[in-house]
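Same chain, two partners: chain A is paired with chain B first, then with chain C.
For the complex of A and B:
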């Protein structure tokens, strides 16, 4: 313990607190600048929900200067946990546990819980979207920030056999082999955001795909910069050029693109070993053990205007395992909470044909409330004690 | 405290592992189905129960059915190669004005604009009470490439966003800009319900119809005729018994059927320098199950002159000796900005019989606007 004391002293020092807070301020500054080029969620995961981040020098300079290089910098997780340790060790080493300091201890306990709460949210919260057309039933939500390559065998009349390859795998690996896959996948190109060019628009760009919709329409892929935090209403359309192989024999090269999927281009067939499977690049799906049918979507406007007054979705929730079959109305500020998930009325389809629900699951949702309550109690006690001693001194 | 904190930290370290490939079973799901290419009749029908645009064609414009994702193609008569307006419905995901304008700007060699700069580039045209965003963009002229121009109309509907696009060299597009704009003013969307026949999308009032021209007449000559016909700037004379398929299919200028199921001739025109002859040869070889070749010279063929150009007639067949194994014969004709490919495909034995007629047919091919041999 004696050996540990200097380390504890170092960890508990006020100088470290100041340095960590200064580093945090600069991280927020850099993360804000980074959103000129990157989407808010990309910045969140690379700058704030990471242990280390390489901050490109370019983000602080005019883009036309084209400055290479990056500085390694502690990410949000590292700074958060160091601040956590700093505060815990300060209480263990420097601060005295006295009743008159109870307010301060509670304030710090609130801060520690806030750090833990954000960490739990960062690693475990899920935020998906469920789109239901009126009259339809849906048993999955999609993560609009992630894509997956779905390989679907529709030969069974009742069930579809699905194998999904996460988009992150397509981005990281050049060859993907897996016993679950009916073929090997060679990733010729993967772009987080890409445009599909057709015919005269190609301007000489090579057509690399010889199968599927890309071959019939002479499509080629052009990489685009990812949608950034400063782009309003823009999102990425990932695309990949994939060569599929079976036992070393090339089946062909396909282009898959989220844009094709979202514009209702049918999945592309691939024939392998005498059976046909479909491939499509789609938003990552998260299947639920229950289903929801949209009975009615209402979009009320103030009379005589286009100003929305209210959005509401009447849904039927069916969960056979839990014996649930009931009708629920979800409307603004009145979400449905079910099985640890919260369903918010988020948006709707053009022409009021369907609803879009935001499905949020956050096991740590209570922690910030608790942290704030503890902090508020601490502040009340701390300043209450100060006020009463001030009043006592005044009387004396 | 420190060991506890470190243990907690280690336990909570989020995994940096790759996400795994997963397999699962789901109840059967509906799959989007591509609407089949509509019949080549003036009364083009779209899938009933859907929102369909209607318009009045300017004088001298002709409508041909779309295929694949394209709803319809409007052709300006008397232009060679045909100047087209593409009518394409896309989901609302493709609606973003800034994205579209910047994509078009990039395609014609202009720098992208920002959210604040895009406004002045867009003008709203009233179309039956609905505003259509109209954009006209002209690219810079370069010594090796003439300036390109895009005229675009974006009409957000209830279900989809409709794009009307004319994209070609500025010198060809500019004379038709006023007609394009007037045309956009006539576009309106109507919803048709299942079972209710969708009326013709093109309405040609008698006073706008060119004398002697039937509305949206087909370019195809009567089947079996030996008359000179053509499409997309190429003309030819069909051998007896050959017929033009009125629905050429995606990306094809024309499809010609050989008699008695003896195969088909596909005529395509791809823009871009070089047109990737080798890539195309290997694509056709792949379709026949043949291994790729390293260069065009490695592909069997014979020298031939077509439309005044010395080229090669490539000949490739599926492996084996079955008489019905597939065979492809193809010539490529280079133009400065595009490559033509004339390809006949069919059973080996049938093509052996049809080969002389194909060579005779190639001898009649002319590319418009150039000196004939």
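For the complex of A and C:
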């Protein structure tokens, strides 16, 4: 290894390692404080899975002080890849490949794999939720961070015809036209989080919903700031005010809201060209090529307390394509892994009427295990030799 | 040096003997008086889902109310504040519990409710110079209290003001007290056939579950209460005797654990270890001033004794609970101190300079003090939430990562001694600097290994349980910060960016990182929402961080101002560079 290119030498330096570690420490520190106000997913995407982040000074201070300003700061992706580069160049330029360094090389290889694994997870992992009421069968999971407007035609007795418009599209476009849609959609308002007011006089200028549940209950929509905070039970309830038109003729204005859907208000009917379709704003569904029925959900508490002792779901898994029909038990710390997805016991419905399973799909799930195996081998070799010399020197 | 003084040579033996006598005096079981109080305390009760001796219920309940496990009694007046009672006897919690249940009107005059917040004190119209109150005094203001409780209950608990939190704290104390007073609802009676759901005195003869044995047992317990009410020792002792013989529904293994827990309560090994740690610490510090060899040896021996007792307490808890050593914040404090003290003990064996003993003892004492304060929340062996209930991961991930915390603290405390001795004394010569640096470096390497492996194991647990390896939540981030901080120190040293002084300063900062990861991440949810920082745990955390920052500032003073530096002859080392540590990792 003769004169390495200066830039490579700079990239391989231990000084850079220390600086990057220090920068990472502060990023993680800030990303933890930010979770007081922001939900974990927002923090993930702005701090840890981003190239650059603007860290508000406010997050480190009592909230009533109201300090403005933010500092631009390298995000998790940037720091992760710089550390990756630093480590790779260090081994290419600076380190000698010797047997006595085998342990160290393996540790670093494990670390590189961990960084890659987290990156793969960041860009490809999906987390959905499957809620099953006891006795029901379900063949989809929902993405609780996204909504969709579902337009369902139930005229065929065998099969519902469903067209969906993603919530993100409602947020971006003012008019949505598509040949698959039975009507054109004019988005009068779309809020990521909103509550519904009943029988309140609306501010002048706002479009009044004159159809569906909005008309019968005199509802209007009030915008709310996005829900957040370390309290994970709070979440956003998107809502939209939609005017539907067919060939330029106004059919009316509806309010659709996730809150209505989740509180079991039935989908609202729209009659167009003599047939009736239902519209509803619901969590985005991800359909599966198999289905699950909940046979039994159990939830035991320690005697005389409210402390949960265990939760478990007995589920029947039916996969016609694979010819599988079997019963599985999913319980705390014992998820079901099936078709590249992991189903774990996450929550349950009130009165133990049903189960809530988290469905995680992570193509990179094996990488951390590989990283750990390599790293563990390296640590054993490295610290085994270091410890013995430390003890020898201590005695000397 | 002249011939060693034979008296001095015997000093370690004498000091060890003294400590052994002290320990022995604590191991001696307390005798029964007229009443078979010990026998009653050993009987079981199922409380918060756990089967424990009634003695534990009494102690933890009194601890919640008054922050103490005993109270003072002078005739028929009692309380937690001795000064208000004149000549009073220190009385065990079990006697207080008996009075609460069987002589309620008397117990209602005992001043055992601790109230600190001035606004809550004002609410019950109490003078501010008193801390402990009887339930009679408190309930005299029942209407006002109920109105205030109702107001607080309408607010999300995360948004409570400090006043509201203290108020609801009082509410919880009252609820606890009334639940004890209503003894018919306590689960004193073992269920037949190993049913995990124990019976109360009221349900013991419920038609569906009654057996002759459970009815008989419930009668004995009731008889004991009646005898206590009537202050009839003969009948009380007979009832306790009958009850102890009627425990066939409790399996022998469980009975063994109950007896052990009772003895564990009596001995209070962690309190005992704390006093021995203080003694060790003082001896180690003295050894740097005079009589280095004998005092250093005595410190090491007594540290060993403290460790034996600390370990015995730890093992007892494992046996009683049937769980790995760390199951909650309280037990993590016990274990952090244990890990650090073991490592410090090993260091002392290697270097024999009093430094290992002093840091081990200091950390052992401080962590047990933290644990003691955490125990004021009640039973420290509560049942585990379902998600945490896996012995395999508790035994691996949690234990390893907690050892990592302990090692990081040990390195940080070594660094504190380095800085303080270097700046304020003349004792830190170049050889000792090198020794210190090596000790700190070695312990940080150990800490890196354990915190890293522990964090990785946590990731695997998370993936096994929830299908994700890493989620960036506060607790995970806290663990990762310790790994990265230790890695930063190691790399800074390998790169020659820090030497002896630098590694010490970074090591002290490691204390801040670790305390934040250990406690700070638990406080995030409550700390900063709607009000300022006024929670006692948070306050102590800030005080700790403040002291560490002060020590860092002291450590950053230029080397020529350090007294150790000035003490050395100019030119010898002062002008020259400090020895560069080996650059190889």
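Definition applied: the second predicted complex is superposed on the first by the 312 of 396 C-alpha atoms of A that agree within 3 Å, B and C clash if a C-alpha of one lies under 4 Å from a C-alpha of the other, contacts with A are read in each partner's own complex, and residues count from 1 in each chain.
We adopt the following convention: contacts are C-beta pairs under 8 Å (C-beta built on N, C-alpha and C of every residue); 3 or more make two chains touch, one makes a residue touch a chain.
Note that the coordinates shown come from a computational prediction; the quantities given were computed from them, not determined experimentally.
Visitor: Looking at the overlay, does A:254 come into contact with chain B only (first), chain C only (second), both, or neither?
Guide: neither
Visitor: Does the superposition put A:344 against chain B (first), chain C (second), both, or neither?
Guide: second
Visitor: When the two structures are overlaid on chain A, which partner does A:21 contact: first (chain B), second (chain C), both, or neither?
Guide: second
Visitor: After lining up the shared chain so the two structures overlap, which partner does A:165 touch, if you call chain B first and chain C second: first, second, both or neither?
Guide: first
Visitor: Figure out whether A:85 sits in contact with chain B (first) or chain C (second), or with both, or with neither.
Guide: first
Visitor: Figure out whether A:183 sits in contact with chain B (first) or chain C (second), or with both, or with neither.
Guide: Once the two structures are laid over each other on A, A:183 reaches no partner at all.
Visitor: Touching A:309, do we find chain B (first), chain C (second), both, or neither?
Guide: Only chain C is touched by A:309; chain B is not.
Visitor: Does the superposition put A:368 against chain B (first), chain C (second), both, or neither?
Guide: second
Visitor: Do chain B and chain C land on any of the same chain A residues, and which?
Guide: In chain A, residues 231 are touched by chain B and also by chain C.
Visitor: Provide the residue numbers of chain A that touch chain C in the complex, in ascending order.
Guide: Contacts found on chain A: 13-15, 17-18, 21-22, 24-25, 28-29, 31-33, 35-36, 40, 43-44, 47-48, 61-64, 104, 117-118, 121, 125, 127, 230-231, 301-305, 307-311, 332-335, 337, 341-344, 346, 358, 360, 362, 365, 368-369, 372, 375-376, 379, 383, 386, 390-391, 393-395.
Visitor: Report the residues of chain B in contact with chain A in the complex, numbered from low to high.
Guide: Chain B reaches chain A through residues 1-2, 5, 9, 12, 14, 18-29, 31-34, 68-69, 90-94, 96, 98-99, 103, 107, 115, 156-159, 167-168, 249-251, 270-274, 276, 279, 282-283, 286-287.
Visitor: Over in the complex, which chain C residues touch chain A? Could you list them?
Guide: 46-50, 158, 187, 196-198, 350-351, 382-383, 385-387, 389-390, 393, 438, 442, 445, 449, 452-453, 456, 459-460, 463-474, 477-478, 480-481, 484-485, 487-488, 491-492, 494-495, 497, 513, 521, 524-525, 527-533, 585
Visitor: Applying the document's contact rule, which stretches of chain A touch chain B when the two form their complex?
Guide: That would be residues 4, 7-8, 11, 77, 81, 84-85, 88-89, 92, 119, 122-123, 139, 154, 156-166, 168-169, 172, 176, 178, 180-181, 195, 197, 199-208, 210, 213, 215-218, 231-235, 237, 250, 252, 259, 262-267, 278, 287, 350-351, 353 of chain A.
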